[in-house]
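Each of the next two complexes has chain A plus one more chain, namely chain B in the first and chain C in the second.
Up next is the complex of A and B:
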């Protein structure tokens, strides 16, 4: 089966999402992606009057705004319970090394 | 053409590049400035934004990105953004929305940052800056946009620890930032510094941010490349974004370093903007150099899309008008009025205004009170600023009220106190928090009447015949010696009056 045209995009997106896909998954994801894109591209055929304002969500309401008021934060012990690793004060993560000039 | 030089290694393009001088290159600079807005709570939740609290003590399900948590935008962050935009002559969006900027980093718990992609709250604007090279000349730096976004957390890389892990503090996560992006209109490191100074001053005046760079409340990235003339054309070097700029000096020095580095790299390899992607380099304050951090992601790599948890915000015309009507006078307006209405020199006006609104108000009150803006400027611009600096105080803590200061200057203007005695009085006022009247009493300053002055001058002439001869034979400067002596005999004698009287007695 030939590579789909979307294959390079699948590789790129997998890399950015930090997920590992094996050969089979890469191929099937590419096919699915192509199906999705061709489905969505039907929208391009719709002729819209020029004065239509684009919208960005399914909800039509606007302006959900809160006042600048403090609320109690979650106690540290409790929030750190969610951490894969912690020293009781901080979240601990694998070391982040800075790259330097070669 | 020097084709006569035969060299098997010579590469004509490289030879051409070697012939270009650094001074022919134009430095192209654009800035991205992150300003922490002065809110009590975070951008999308009620956690505190206060700096320096115990690690991870100011977080909740929203700012740590727990599934199902719903962010809601902070009204004050919107208002402060609009206020900033208006102060920078920006067009304010009538409708604005939020987008997710996706990337992975341990200090970004959601895996995306809520930011604004295509509908920023502030659109195009500009800021005029005074450049030091041409005093009085201003340069207009165009602002592309300013968008509202949340800050990330803080990573602490503790390489000495046995665990060899990085620590993450999420207190800062979700703190509101306004990212102000300029067009690449800046041409020198000094202009970049001038832009930042003026921006910081404006943000202070309009009470949007305290701009504390040590605490990271004002952060700056600089995009730098060169336009180099080569054989009748112009080539551009690859763009570099410099990060980690946490002082104005770092901004200035890093740009200077980076321009030189790019020029040398180009002379060596000839790479242009078409050959290399945008790079991120970090400024290292210790070594005073920039070092490569990573190849910059393309905008597409961030896979921006509208945040489905947040709905659009429509900004009404009336709301913008209200914020506009409440805007305080900006530094540029105040500088102009100090020059045109108070007759200050532009440089003096700039010094007063650069000290913040408190010093400007102090100056205005004293200048109006004593009716002599030049003297008010001389005293405030020099004595007061020096004392504030020495005392490490703000003008609001200064022990001498504008009214008391006015009284003091009135005595100086009237000639009751000369400059030197006036300064002694001021020092006493500051030291003991007393009025000018009390200070004068404490220092034993008394008015000297005319007959006392006559006696004093006669004594001086009698006792210093040699000096008097010098003066008579045309050495006018010698009179200074007599004035000095007069001061020792009677510190209250006004040197101006003594000088006038001595001249009259000696030379007629």
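Up next is the complex of A and C:
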């Protein structure tokens, strides 16, 4: 297992996860990560056959494909009712690009 | 006998016989919620349409219409499952104002069968927890001892059935979230095989592990609910087309000759002494019922909690990426898009959810994938193989649901590992995808419920329910209810 994460890595993980954490929360998160990673490091001790195939899904079922036919779905206005901000047709979000004077 | 003392199958019989009306029944449970929810905090919201729906059922019955097999039965639904037009919060500030735009498939099926949703139950935020203390809406209290947790994450569903605020409830189980609270609250809880019950409309936590199931007093009631909710759903691509057998019809088939495996490792180290004693007593009951008890080994299950706490957070970090302030009601103030994402997630998620997203993001990030996620998924394969081999020898596997009875509120909130170990006997079934049920055995000397877990082969819920039902024919533990007013234990 890799070493436990240093604080700059914790900061980077918070950035990757798009979660704002203040200094105190970052420190506490780093400590808890260390504790949990230390616990899961026991997986290192598990001896595995060389050819073991990872198991990602609980049931290895076949792909589910349906006919490509138009079906009714939930009306758009019902979905947009839960939007923090919309114009009735699209979701509205804050500016994606920073505005410049030029 | 008051309505709240009756099991769901009896309530349905009385409704069908015209001895009671759906309106009286719904009114009775709404009144119990009104009186007792302030003590238990089992419900996050109560339906304002339930009485209207009950009247409609009564009118249809009077008109001689043919009704579904649950017509008029009140039911509580975990708040991570969508009920159209009702608040569906998943226990999170992020979804505090979210109103489900559609019914989950299981809700659609329950409503078609005539069940009436009376409310949405409390849960750990996004189902991440083992005590319901991670809810944005406050903890739920265990009706057997209100200073104790009800378990989690489906703690509200377990507490409301144990406290008779609803006859039956629905929960979801990602690592034990139906069975562990069922055990702590002295009720019956079934996690079906992965794919047996549609997950459409269940707010996703870890998609390869999540499964919806019934939480009831008896195995017979669970069989009744499974007869409605189980089966293929084209809207859930992971739901199975495997035929659903009639669990209700097979409940009384004698257990004589059934082979039950016991893993001695699970009955030794770290187990609360009374849990061990009561589980051994239960083994004797199964012997009397004609079961052959055999020793089995599940050598890799000792690594199950470690594998689970990599796999589940990895899946969660991906599933919860959708909560970014664009689509789901909550948005924090920000000057640009990136800041909006970070502030929304920083303010909208609780501590445990943020921690698990951090863990999952770390484990999946460049350079760590092989050491964590891939390794855990290989261990998961070994756990599945252990079960495959065990089920060559036996039909069921028996053990405790949890290592201890319900712990005190606040006891593990500062120690995530102690909390995670409450799932030590339950996570393996999720990793392997197999069905498992928790049923109450004799309580501890201080009156706290203890749960017995039976695990079975994939898609053999009928055998689990049959064994649980016949155990309940021989024992009284599922018939007891906590005394009112609720007591504290300390």
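By our rule, the second predicted complex is superposed on the first by the 78 of 102 C-alpha atoms of A that agree within 3 Å, B and C clash if a C-alpha of one lies under 4 Å from a C-alpha of the other, contacts with A are read in each partner's own complex, and residues count from 1 in each chain.
Here, a residue touches a chain if its C-beta (ideal position, glycine included) is under 8 Å from a C-beta of that chain, and two chains touch if they have at least 3 such contacts.
Not measured: the values here are computed from a predicted model.
Contacts of A:48 after superposition on the shared chain: chain C is touched, whereas chain B is not.
Contacts of A:19 after superposition on the shared chain: chain C is touched, whereas chain B is not.
Looking at the shared chain after the overlay, A:64 reaches both chain B and chain C.
Of the two partner chains, both chain B and chain C are touched by A:96. Contact with both chain B and chain C is seen for A:85 once the two complexes are overlaid on the shared chain. Ranking chain B and chain C by residues of chain A touched puts C first.
In the superposition on chain A, A:76 makes contact with chain B only, not with chain C.
Across the superposed pair, chain B and chain C both touch chain A at residues 13, 16, 18, 55-57, 59, 61, 63-64, 66, 74, 79, 82, 85, 91, 93-96, 98. The touching residues of chain A, when paired with chain B in their complex, are 12-13, 16, 18, 55-57, 59, 61-74, 76, 79-80, 82, 85, 87, 89-102. Across the interface of their complex, chain A is touched by residues 39-41, 45-48, 54-61, 64, 66, 72-78, 95, 97, 102-106, 155-157, 159, 163-170, 282, 291-294, 301, 303, 306, 308, 310-314 of chain B.
On the chain C side of its complex with chain A, the touching residues are 97-99, 101-102, 193-195, 208-209, 234, 237-238, 240, 300, 303, 306-307, 309-310, 317, 321, 324-331, 334-343, 345-347, 349, 354-355, 357-359, 361-362, 365, 367-368, 371-372, 374-382, 384, 416-417, 420, 430-433, 458.
Within the complex formed with chain C, the chain A residues making contact are 1-2, 5, 9-10, 13-14, 16-21, 25, 29, 32-33, 35-37, 39-40, 42-44, 46, 48, 52-59, 61, 63-64, 66, 74, 78-79, 81-85, 91, 93-96, 98.
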